[in-house]
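Okay, so chain A shows up in both of these, paired with chain B first and chain C after.
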Partner chain A sequence: MNSGLVFAMAGTLLFALGTAGVLLVRALFRRILAFNVMGSGAFLVLVGLAQRTGPPDPVTQAMVLTGIVVAVAATALALALVRRLHALTGRLEIQQRNDE
Partner chain B sequence: MRAVAVILSAAAFAGIVIAQLLRLSTPVVDLPALVGERIPVSGVAHPVTAVLLNFRGYDTLLEIGVLLLAAVIVLAARGDEPAMNPAALPSAEPPIQMFARATTGPMIVVAVYLLWAGAYQPGGAFQAGAVLAAMAVLLYLAGVTGNWAKPGMALRAGLTGGFLLFLGVAASLLIRGVLLQYPVEHAGQLILLIEAGLTVSLGLILASLFLFLAADPPR
Partner chain C sequence: MSELLAWLILLPLAWAAVAFLIGPASGGPIAIVALAVQLGMSIRVGIAVQTSGPQLHAVGGWGAPLGIDLFADGLAVAMILMIQVVALPVAVYARSYFDASAREARYFWPLTGFLVAGLNALVLSTDLFNLYVALELIGLSAVGLVAAGGAAAQVNAALRYLIATLVASGAYLFGVALLYGVYGTVSTATLALLVSKDAPGIAWVAGGLLTVGLMVKTALFPFHFWLPPAHGKAPAPVSALLSALVVKASFYLLLRLWIGPLRGLEPGLALASLPALLGGAAILWGSYQAIRAEGLKRLVAYSTVAQLGYLFLIFPLLGRPGAIQAAVMQAVAHALAKAGMFLAAGVLTKATGQDSVAGLSGAAQRLPVSIFAFGLAGMSLMGLPPSSGFLAKWLLISVSLANGYWIIAAMTLIGGLLAAVYVFRVLRQAFVATTEQVVLHPVSAASEWAALGLAAASVVLGLRGVELMRLLEV
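Moving on, here comes the complex of A and B:
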């Protein structure tokens, strides 16, 4: 067991935490944050696994770098949609469904 | 009830994945060695830049496309936001404005350095673009420049330029038969050209994600 594997395990926990957050939290800003925690967990798994057998793997690093930039754009997009929703309806939460 | 189910499944998921991680065998393909072998023909000396711009160039091409798409959707979804007077911001005070103006030059120098350094050490278009975007946001927050209420032709050209340049290079290389396979002798210059375009566009796109929305939403 080396540090890369520990990173991957921490990433798995973060991913599970973020997924639970996305499913459970109703406030939209916190849901976006949970989504980001989920993404960070995935990046940590990728980077951790790539360096468990020796020097870091540049292919995975490049992939995660690409992923981080796309995650920033996705977050900005989600925030823009939340703002639009707030401007149109005044709500910042997911509405309760009737069957729950 | 639902909360308990979700938490239990998340914990079970994490447990199973971690148990599998511990049993993982060593990778069959040694990617770092493969990349190291091909560095001499990539046109750059840093492995991450070589992967991003050469070996897996289409990832980067699609990425800048996705970013452009996000900027366009943000522009479409924001409604009609009025141009805002930056001097009305609470942070718009002369010392802060002077500081923001004074940092502009060094930040551009840092961005160009990062772009240039990407060829042989960590750095490259993304980092340089992030610095440029931070500069634009800083200038707005200090009350020096306004938000981007009505993107004009120059801004639109800047937002799309990097993607179109990259696409143009990729398309012209199709003559040689394969998408994004640079000729070895020109690979370095082509990568620098693409990265320069990407830096400008990435900086503008990342800044626009903030500055398109930087106004009170319509009431």
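Moving on, here comes the complex of A and C:
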């Protein structure tokens, strides 16, 4: 088994862990961290699976760079919203029944 | 000619940035002028596609695989037209809806620009990764629009929406990574040639992840949990954009994937029936919740959950003649009707100062234009002739009966009846004569007529549906 495939498998594991974290944990900061773990997992699979045979693939590297920018923007938005929620309500969790 | 495709993405990005820099008071006029220009460009692209076939544009002269290709066929042009036709009246409405000093107004124009750019980019993109970026642009600006008011309920709804949309994009990206790992390309056209019936299991996993991710973004039952709070709590123009356009974008992509790159997997009848089953459940559950909702905007939001269900009824029929036409007609009919309905609901809640169906007594005499708009939009949702909603449901029923799927036809009819129940609940309350003096807050005529324009368009499209059908054949 070559290194590319090891990366891909580690990425799959991280993605699964991250997804479980986002869905099952209630604390918002942990959910945001879990989302980042999830994204990193997908990036590892993208890079690892593509170079399992032969040299590194520049196309996937460019995609992952773009993906990281998107993930940073999403994280920043999430953090800003959590701060606002905390300032208004003192809570750091999503209220499930906010539909009146 | 084909460089118009790039301008349809570049122009909204540009006016969004300008609107952000010069502030809310002047952002509106720029947005309205630019959206009118975009509508003109969409019509020109539509004529070009109609006369000389699908248009391809390599951005900056760099074609795929190095650069980015933009592609417009009949299906894409129909969506592009739908986006611009809905966004322009909504912008006109928003200009009079928001007070210049309101918190929402500060962010509405830039975020709407980014949203429209994302929607146009998604419709025109031809590779899975570019589509991912467009999905994220749409998701992040939509969440920003929901949160822009800054109230606790809105921020809460926005966070719920954000988490759902991020998990969905994560699943989509993972699916793209797997597909690239197997086939070494993200081009939808190339993938359509490569993916075949004897694809490895990993391609099935990828297809499943793409599909589930997009179903969450389209708020298909049971993944609809984020939609009613987000669409119900947002200001009316935002709700209109989200319900009419944003959920349609992810549906369009799902449709594109299953008639393009993933078609080669040839899912069996059992698998293809699963989305239709969930769609049927969405019609029943969404209508039920709309019938018992106390808030007016909440009712309209649940009606969106139900109407999105129809879109998924066509999945077992994909590939049969008329199936795509039925889905696109339903998507466009609902976009026009629901945008009109949300705008009318916004006028009604603003004038009465509260958001409940019970508080609408006497509204029919005081706000006849808005109630008429609500009724026209409701006509299209129920599927009464000659509205476009009728045409959509008629197409759906005829294609399902032609292929022996009577259950889909029955589901369509039941959904129409249930829609009548919640639409008439609102109309009946509005016509109740009330003896007490209700004080109404003033609303501008422009906002009432923008709502009526959209609702009327959803009816008129029913009379001119042939043109749309012809466009889809390109």
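What we mean here is this: the second predicted complex is superposed on the first by the 95 of 100 C-alpha atoms of A that agree within 3 Å, B and C clash if a C-alpha of one lies under 4 Å from a C-alpha of the other, contacts with A are read in each partner's own complex, and residues count from 1 in each chain.
Note that in this section a contact is a pair of C-beta atoms (placed from the backbone, for glycine too) under 8 Å apart; a residue touches a chain by one contact, two chains touch by 3 or more.
Values in this document were obtained by computation on a predicted structure and should not be read as measured data.
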Does the superposition put A:23 against chain B (first), chain C (second), both, or neither? both
Just to be sure I read the superposition right, which of the two partners does A:38 touch: chain B = first, chain C = second, or both, or neither? second
Of the partners chain B and chain C, which touch A:79 in the superposed model: first, second, both, neither? first
Between chain B and chain C, whom does A:9 touch in the aligned arrangement: first, second, both, or neither? first
Check the residue A:46 against both partner chains and state whether it touches chain B (first), chain C (second), both, or neither. second
Just checking: does A:94 make contact with chain B only, chain C only, both, or neither of them? Give me first, second, both or neither. second
When the two structures are overlaid on chain A, which partner does A:61 contact: first (chain B), second (chain C), both, or neither? first
Contact residues of chain A, present in both the chain B and the chain C interface: 8, 15, 19, 23, 49, 52, 59-60, 63, 66, 70, 73-74, 77, 81, 84, 100
In the complex formed with chain B, which residues of chain A make contact? 1, 5, 8-9, 12-13, 15-17, 19-20, 23-24, 49, 52-63, 65-66, 69-70, 72-74, 76-77, 79-81, 83-84, 86-87, 100
If you look only at chain A, which of its residues touch chain C in the complex? 8, 11, 15, 18-19, 22-23, 28, 31, 35, 38-39, 41-43, 45-46, 49-50, 52, 59-60, 63, 66-67, 70, 73-74, 77-78, 81-82, 84-85, 88-89, 94-95, 98-100
Within the complex, which stretch of chain B touches chain A? 2-3, 6-7, 10-11, 13-14, 17-18, 21-22, 24, 26-27, 31-32, 35, 47-48, 50-52, 55-56, 59-60, 63, 66-67, 70-71, 73-74, 77-79, 126, 202, 205-206, 209-210, 212-213, 217-219
Going by the contact rule set out above, which residues of chain C touch chain A in the complex? 65, 129, 132-133, 136, 140, 143-144, 147, 150-153, 155-160, 162-163, 166-167, 170-171, 173-174, 176-178, 180-181, 184, 186, 228-229, 232-233, 294-295, 298
